[in-house]
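Alright, structures below, take your time with them.
Two complexes come next, and they have one chain in common, chain A, joined by chain B in the first and chain C in the second.
Let's turn to the complex of A and B:
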């Protein structure tokens, strides 16, 4: 595919294609993963995420971030087959252990901290900073 | 008079219309011979006429506002409903007043005023046994275990009455010293109970000693407490 090799040369790595896992970043399905099942037109795709609660629907590409994952599915796969494909691929496990997934879960964790936990966090950050600075100062001194 | 033949005393000319009106018909009956004369003869006792009300000498130039009559003056004498998130032992963040930002321990709600009884404890953050309004507190989810705790019976709303205007107390040095000593004693008793529970949790004392503050980038409306 000439166009694709050209695009790859330009540095594009993630393509909107059947089976591409997308992260929805806007609207009612904000924060969920879904799989592209079909391409409607230049701006929209048909998307479904049975394991994350995304109903089969059209999704504007503006609301979406492409992930690295592509599922080996056919165009227009129905929910049952899609679910099976997702589970075989272990999408949840792969995504949650990726740095993207970790960042998301950290963000959620921070948002859910109680006042006491925030206080503990503050103390820990101070400790870390102290240890770091001490180590840096020591290293500087040793380098002289 | 018993009717003679077909003669009717008060002929009905048309349906509902008689020949003689009321007084004429009454006079025709002859019962007037037996009516008692004068006021004593009145069969229906009239209501005794009330003495005419004395007109006030002075009217205000415009209508004065009248207080709205309450249907049930005792209905709203309840104290403020305690928020579900506030239980004995809850750490509260005080939002206003001298101790704003301080984290204090909630003891109980006072019956008379509905205000919350809190204590720093005093030795941890300088907040004495004090009353605080629920509306000026954030309830955190941190709780100190106060199960089975008992507080001195003097801790009610009268205990917190101001003494500035109390002539017997403020200027009298002895009475004032006694009042102060009483306060300290109550504080000690309350804090003794609290400190035992606070010591169980590792960083709780430091937490209570620190003030709550908001810095740049903080979004209090998104924070969970």
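Let's turn to the complex of A and C:
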């Protein structure tokens, strides 16, 4: 595994490998997590996400972002075993509590705000800005 | 819509006559986009290999052959005969994929790009699923590694919404 140690030295941390959890960022499965079950080719992987509704299929790596998570599964795991592995790993919990997952849920929240909620949000942002600027001005004065 | 190859099995024979009441039936497995082209190819080969023309023959059945295991990664070996500018040659190519139809599409595209061989001059002679130990091409065998892992290098960001798409990027 000389190549892998070299790649790690180069600074690559996320690898396309069996068990890697990927986030699909394009196409009909946009926004879903899936697990790499087999590598077809330089550009394609076999992927499935039974808990997120991704059927077992070929997925081009262009449509995919690698996450930090790697499941301890074997190449070509069947759906049942895969679901068990995902639940044992608590993938949903881990991803949703990560900063990536929180960013996604915030985005969804923002997209679903009503006009009145956006107005409330605007007032809160103005308040926050006011408090921040006041604190900065005080600190500057104290520093002099 | 994207070009999609399907595998058809065409069975046909010469139309029975008084002198020949039970002519032999021939079967052709062909990759085509539709049944029409599959039947056309059947007569193309029947003409060349047997003394049967479309006008004296009949197609008995055209069936699409579907992929048995579309979610299993396989190594396909494909034997080709094609006409180049200066002669006709045989070739053996390997493709890795989950379906034979997908592999054949890759092969046709490769023949077009590498050898400038258009579809009409490429004949698929034989196809087979090759076990990993018997694959001959480095391009295929480099993926026969149980612990394969590679990073995604030089990623170019792409918008997933048409509204975020732009012709020129800063």
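Throughout what follows, the second predicted complex is superposed on the first by the 144 of 144 C-alpha atoms of A that agree within 3 Å, B and C clash if a C-alpha of one lies under 4 Å from a C-alpha of the other, contacts with A are read in each partner's own complex, and residues count from 1 in each chain.
Here is the rule we go by: contacts are C-beta pairs under 8 Å (C-beta built on N, C-alpha and C of every residue); 3 or more make two chains touch, one makes a residue touch a chain.
Source: prediction; values computed, not measured.
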Aligned on chain A, chain B and chain C: do they clash or fit? fit
Go through the superposed model and pick first if A:14 touches only chain B, second if only chain C, both, or neither. second
So in the superposed three-chain picture, is A:111 touching just chain B, just chain C, both, or none of them (first/second/both/neither)? first
Using the touch criterion from the header, give the chain among chain B and chain C with more contacted residues in chain A. C
Smallest separation in Å between any Cα of chain B and any Cα of chain C in the superposed model? 10
Per the definitions at the top, what is the overlap between the chain A residues touching chain B and those touching chain C? none
Which positions of chain A touch chain B when the two form their complex? 111-116, 118-120, 123
Chain B to chain A touching residues, read off their complex: 91, 93, 103, 140-142, 203-204, 206-207, 210, 212, 222-225
What part of chain C is in contact with chain A in the complex they form? 71-73, 96-98, 102, 143, 146-153, 158, 160
Residues of chain A touching chain C in their complex? 1, 4, 7, 12, 14-18, 25-27, 30, 38-41, 44, 46, 56-58, 61-62, 66, 75-76
